[in-house]
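In what comes next, chain A is part of two complexes: it sits with chain B in the first one and with chain C in the second one.
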Partner chain A sequence: MSMKKKTICSLIALLIGVVFLVCVNRMTAPTYILRSVLQMGAIYALVAVSMNLLNGFTGLFSLGQAGFMAIGAYAFAIFTIPLESRANVYYLYGMHEAIANVQLPIFAALLLAGVVAALLAFLFGIPVLRLKSDYFAIATLGLAEIIRIIIGSALMNRITNGSLGLKSIPSFPSIFGVIPGFYFPFLISAVCIAIIVLLIRSSYGRAFKAIREDEIAAEAMGINLAKHKRMAFVISSFFAGISGALLAMFLGAITSTTFNIAMTYYILLIVVIGGMGSVTGSVISAFLVIASKEWWLRFLDTELYIGSFQVPLLKNGFRMVVFSVVLMLVVLFFRKGIMGNREFSWEGFFGLFKRKQKKKTGGEQIG
Partner chain B sequence: MNTTTFLQYCLAGISIGGIYAMIAIGYTMVYGILRLINFAHGDIFMMAAYFMIFAMVDFALPWYVSLALVAIATVLLGVFIEKIAYKPLRSAPRMSIMISAIGVSYLLQNLATYLFSALPKGYPQIPFLMTNINLGGISTSVVTFITPILTIIFVVLLMQLINHTKIGMAMRAVSKDFETSQLMGIKINRIISITFVIGCFLAAVGSVLYFTPRPSVYPMAGSLPGLKCFIAAVFGGIGSIPGAVLGGFLIGLCETFIKAAGYSEFSDVFTFLILIVMLLFKPTGLFGEKIAEKV
Partner chain C sequence: MSNILEIKNLVVSYGGIEAVKGISMEVPQGQIVTLIGANGAGKSTTLKSISGIVRPKEASILFDGEEMVGKSPDYIVSKGITLVPEGRRVFPNLTVMENLKIGAYLRKDNLKDDLEYVFRLFPRLKEREWQMAGTLSGGEQQMLAVGRALMSKPKLIMMDEPSLGLAPLVVKDIFRIIQTINEEGITVLLIEQNANMALKIAHKAYVIETGKITMEGTGLELLENEEIKEAYLGKSKK
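This part shows the complex of A and B:
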């Protein structure tokens, strides 16, 4: 397939996507579930891709993503809650004088969220990145917990509002007053993911992959292990921070328990289902997993009666059981996930149909 | 702080440390043999607590029968998990098997939420364990007192098993070199099952001792103690049983004194800091063996 044809295909796909979003925005009621599913999907796609950059591309098994999201969400929320509602939010402890009157524009706060998360990642990275595989995993898990506990502790009452959490966080703003707020998470996620993709395609990205395949060989080829690992960790945390800020905007209210270990596991589930080492896989899987969790599989949580017969198993919590079973099945039987470590390509996409057709004709010949 | 209060805290710390030690042994043995952080171990510990509620509250069995049933059920659960979730991935990359362990942990938590609801459930009281005794001015409950003793007894028995029996020798061989021991005619799957049996049995005992003085159980109750015990195992040098025991006692003591000093919010932060500092300065832990990486 020629380059030109591929570009046309991609443009058409992009157009379809945009038209779809516009349709959703114009034609559905503001409370319709598809809207929030899509927005949440975009946010989780970003954090999944950022986790994938670390776990799938650099081979550093990190379980600290939720911690950096928490940092981003809080950094964003603290500086964007409107001044007039601050007294209401911090009604119990009051807000620290140094930040009580500081309010940042949304874009600046969004950037700040990423920068603070990246800065912390840089500091934590100095000790933690020296660890190998499972030790690294457990240390990052520990870091995420430390961050969460400190954010929610009484020590931070006047900054993070302690265990009460923050509310009145502004929702998605319209962009330059032209594009409605509905599109905000999609735009930010798309830009961030595009930056990550560019990074992966650059020489740095190739170095990351070399580290993933074999650290010792990569070092022998002249790749500076410490530098590249630190870079992957910091960049991944930067985008995790931004997605945390987006999530804060989406939810409108956060507490430190929002970002618990289960959240990291949930992001990991998205990454694993999408395929470790595939950006498109993570994006597809984020939308699929969110849609099934928040929408398609909702019925699993409600008791259902047909006549007087109660359908067995269906009750509150069953949905999450189904989810964890799916994760186990993927890990055990489809270890590569949806995409493996390949990326989406038009050849592959059209090849899918061709192969199916071939199989069909092949079957007929035998029959 | 006078001497009596100090001793009281010491006893409480040693007691919780003993429980941590028992669970840490499960982590360290599995890691020693499979090179796998069994993330599900903390949740197996939590399930053991629910089994106890089942046996004593729902079926109203006497406590000694319940104890035996809980031990058996927990061991079966552990071995079942190993067969289903870890065995098929024996030749898979390390990352896959770790994700599988996380998946099991996630599954057990969600399953517990589904079956028993997320609300805390009252843990049955074993009257004999909750009686107060007075030891030279320190008043405490029987369970606090017998926990460290039980821990020591189990550890001594376990060390005997590992150092002086044929099964123990096989275990040591498997943890030294997986493939060679297989060539020497050791049935690896049996040894791994036995490891899980021992680990889960100790988790069941630890669970009873841990939850007896606590009012309730909830589905996430196992995840934090589980992590702490893993840290204890890392601290002592993963793969080493005396190390895990020492790590367990140390973390239990530190935690109790931090709580006593009024910083209970930060006791977990401190535990994780111990882990990170330990990994930095002595990644192999107190008694761990140094393993050179082969190119």
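This part shows the complex of A and C:
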């Protein structure tokens, strides 16, 4: 397929996506679930891609993503809660004088969220990045928990409001006053993911992959292991911080328990289902997983009567059981996830249909 | 003739056990030098020390007159020493092209000519440009490993057992290529267990036993040496 044809296909797909979003925004009620599923999908797509950069591309199995999201979310929330509602939010302990009157514009705070997360990643990376495989996973998991517990501790009462959490966080703003707030998470996610994709395609991305494949060979080729691992860790945390900030905007209220271990696993599942080492896989699976968890499988949580017969098992919490089983099946039988480590390509997309057709027509020339 | 690489009194220990016990050797510019020895003699450790992956306990390693001990592997590569690691170690889930580009990671200039050079040397790689390196045959992977090392434009290329696990015909190919590379001006430091082949192409050879150099000479001298014949070339004792 020629470059030109591919570009046209991509543009058409982009157009369909935009038209779809516009339709959703115009035609649905503000409380309709599809809206929040899409927004949450975009946010999780970003954090999943950032985790994939580390786990799938650099081969550093990190379980600390929720911790860096927490940092991003809190850094964003603390500096954007409107001054007039601060007394109300920090009603018990009061806000620390140094930050009580500081309010940042949303874009500045969003950037700050990423920078703070990246800075902490840089510091933590000095000891943690010396570890390998399982040990690295355990250390980062511990790290995320430490971050969460410190944020929620009484020590931080006057900064993070401790266990009470933060509320009145401003929702998605309209962009330059023209594009409604509904599109905000999509735009930010798209831009961030595009930056990650550019990075992966650059020579740095190749170096990351080389480290994933074989550290010793990578070192023999002159790739500075410590430097590149640190770089991947810091960049991944930067974008995790930004997605944390987006999540804070989406939820409007956060507590430290929002970012517990379950959240890390949740992100990891999106990455695994999408395929380790595939950006498009992560994006697709983020939307699929969020949609099924928050929407399509909801019916499992409500009790259902057919006549006077109550369908067994269907009650609150059963959704998560089914979800877990689905995940187990995926891990057992589709270990490579939706995309494996390949990326979406138009050849592959059309090839899928062609193969199906061939099967239907007898499949004489397979292979 | 000047020496491109001079090693003096290299000592390397792994957790208290000395793997290399003070070897000295010289690699003259533009030659093929081979280091032969049995398993565990310290051959690979020597190469890893030169490329900076292993830190020697004490040594002086002069490359082009510059001290290389204590320098990082990426600095050493950027100065023109490249290692073709033992067991090929290509990046299996990357394409042949990506593997080659990683070889040139430290260079920021145009790679086109060098890619062409490598493809001329290994036409098979050109055919398989977009294939995953893990799906290549052993011989092709070895070619890729050599090609990848060449992409960094080395002055000295070090090869750790390039014949390991390859069919005899393929081994012949690889050795022919080593000679070609050398004829184009790149100095080669070759480690081999296949002493017969290595000595045939080497200008200069060292024999290493349990961490010490026990013999040195030209390739042909050692090839004719009775002790070497007995120990490495499979001539039975009478």
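Everything that follows uses one rule, which is that the second predicted complex is superposed on the first by the 362 of 367 C-alpha atoms of A that agree within 3 Å, B and C clash if a C-alpha of one lies under 4 Å from a C-alpha of the other, contacts with A are read in each partner's own complex, and residues count from 1 in each chain.
Keep this in mind: a residue touches a chain if its C-beta (ideal position, glycine included) is under 8 Å from a C-beta of that chain, and two chains touch if they have at least 3 such contacts.
All values derive from a computational prediction rather than experimental measurement.
Novice: Using the overlay on chain A, decide if chain B and chain C clash or can fit next to each other.
Specialist: fit
Novice: Which of the two, chain B or chain C, is in touch with more residues of chain A?
Specialist: Partner with more touched residues of chain A: B.
Novice: After superposing on chain A, what angle in degrees do the C-alpha centres of chain B and chain C form at the C-alpha centre of chain A, to the nearest 10?
Specialist: 80
Novice: Report for A:130: first if it touches chain B alone, second if chain C alone, otherwise both or neither.
Specialist: A:130: touches chain B, not chain C.
Novice: Quick check on the superposed pair: does A:207 touch chain B, chain C, both, or neither? Answer first, second, both or neither.
Specialist: second
Novice: Go through the superposed model and pick first if A:347 touches only chain B, second if only chain C, both, or neither.
Specialist: It touches nothing on chain B or chain C.
Novice: Between chain B (first) and chain C (second), which does A:216 come into contact with in this model arrangement: first, second, both, or neither?
Specialist: So A:216 meets both chain B and chain C here.
Novice: Look at A:303 in the shared chain and tell me whether it touches chain B only, chain C only, both, or neither; answer first, second, both or neither.
Specialist: Neither partner.
Novice: Taking the superposition as given, does A:224 touch the first partner, chain B, the second, chain C, both, or neither?
Specialist: second
Novice: Considering the aligned complexes, could you tell me the closest Cα pair distance between chain B and chain C in angstrom?
Specialist: 8 Å.
Novice: Mind sorting out which residues of chain A both chain B and chain C touch, each in its own complex?
Specialist: 216
Novice: Give the list of chain A residues in touch with chain B in this complex.
Specialist: Going by the criterion above, the answer is residues 55, 59, 61, 63, 127-128, 130-131, 133-135, 137-139, 141-143, 145-146, 149-150, 153-155, 216, 261-262, 265, 268-269, 272, 276, 315-318, 320-321, 323-325, 327-328, 331-332, 335.
Novice: In the complex formed with chain A, which residues of chain B make contact?
Specialist: On the chain B side, the touching residues are 35-37, 85, 88-89, 92, 94-96, 98-100, 102-107, 109-111, 113-114, 117-118, 223, 227, 230-231, 234, 265-266, 268-269, 272-273, 275-276, 279-280, 283, 293, 295.
Novice: Chain A touches which residues of chain C in the complex?
Specialist: 51, 53, 72-74, 76-78, 82-83, 85, 89-94, 98, 101-103, 105-106, 148-149, 152
Novice: Give the list of chain A residues in touch with chain C in this complex.
Specialist: Touch list, chain A to chain C: 203, 206-207, 209-210, 213-214, 216-224, 277, 341.
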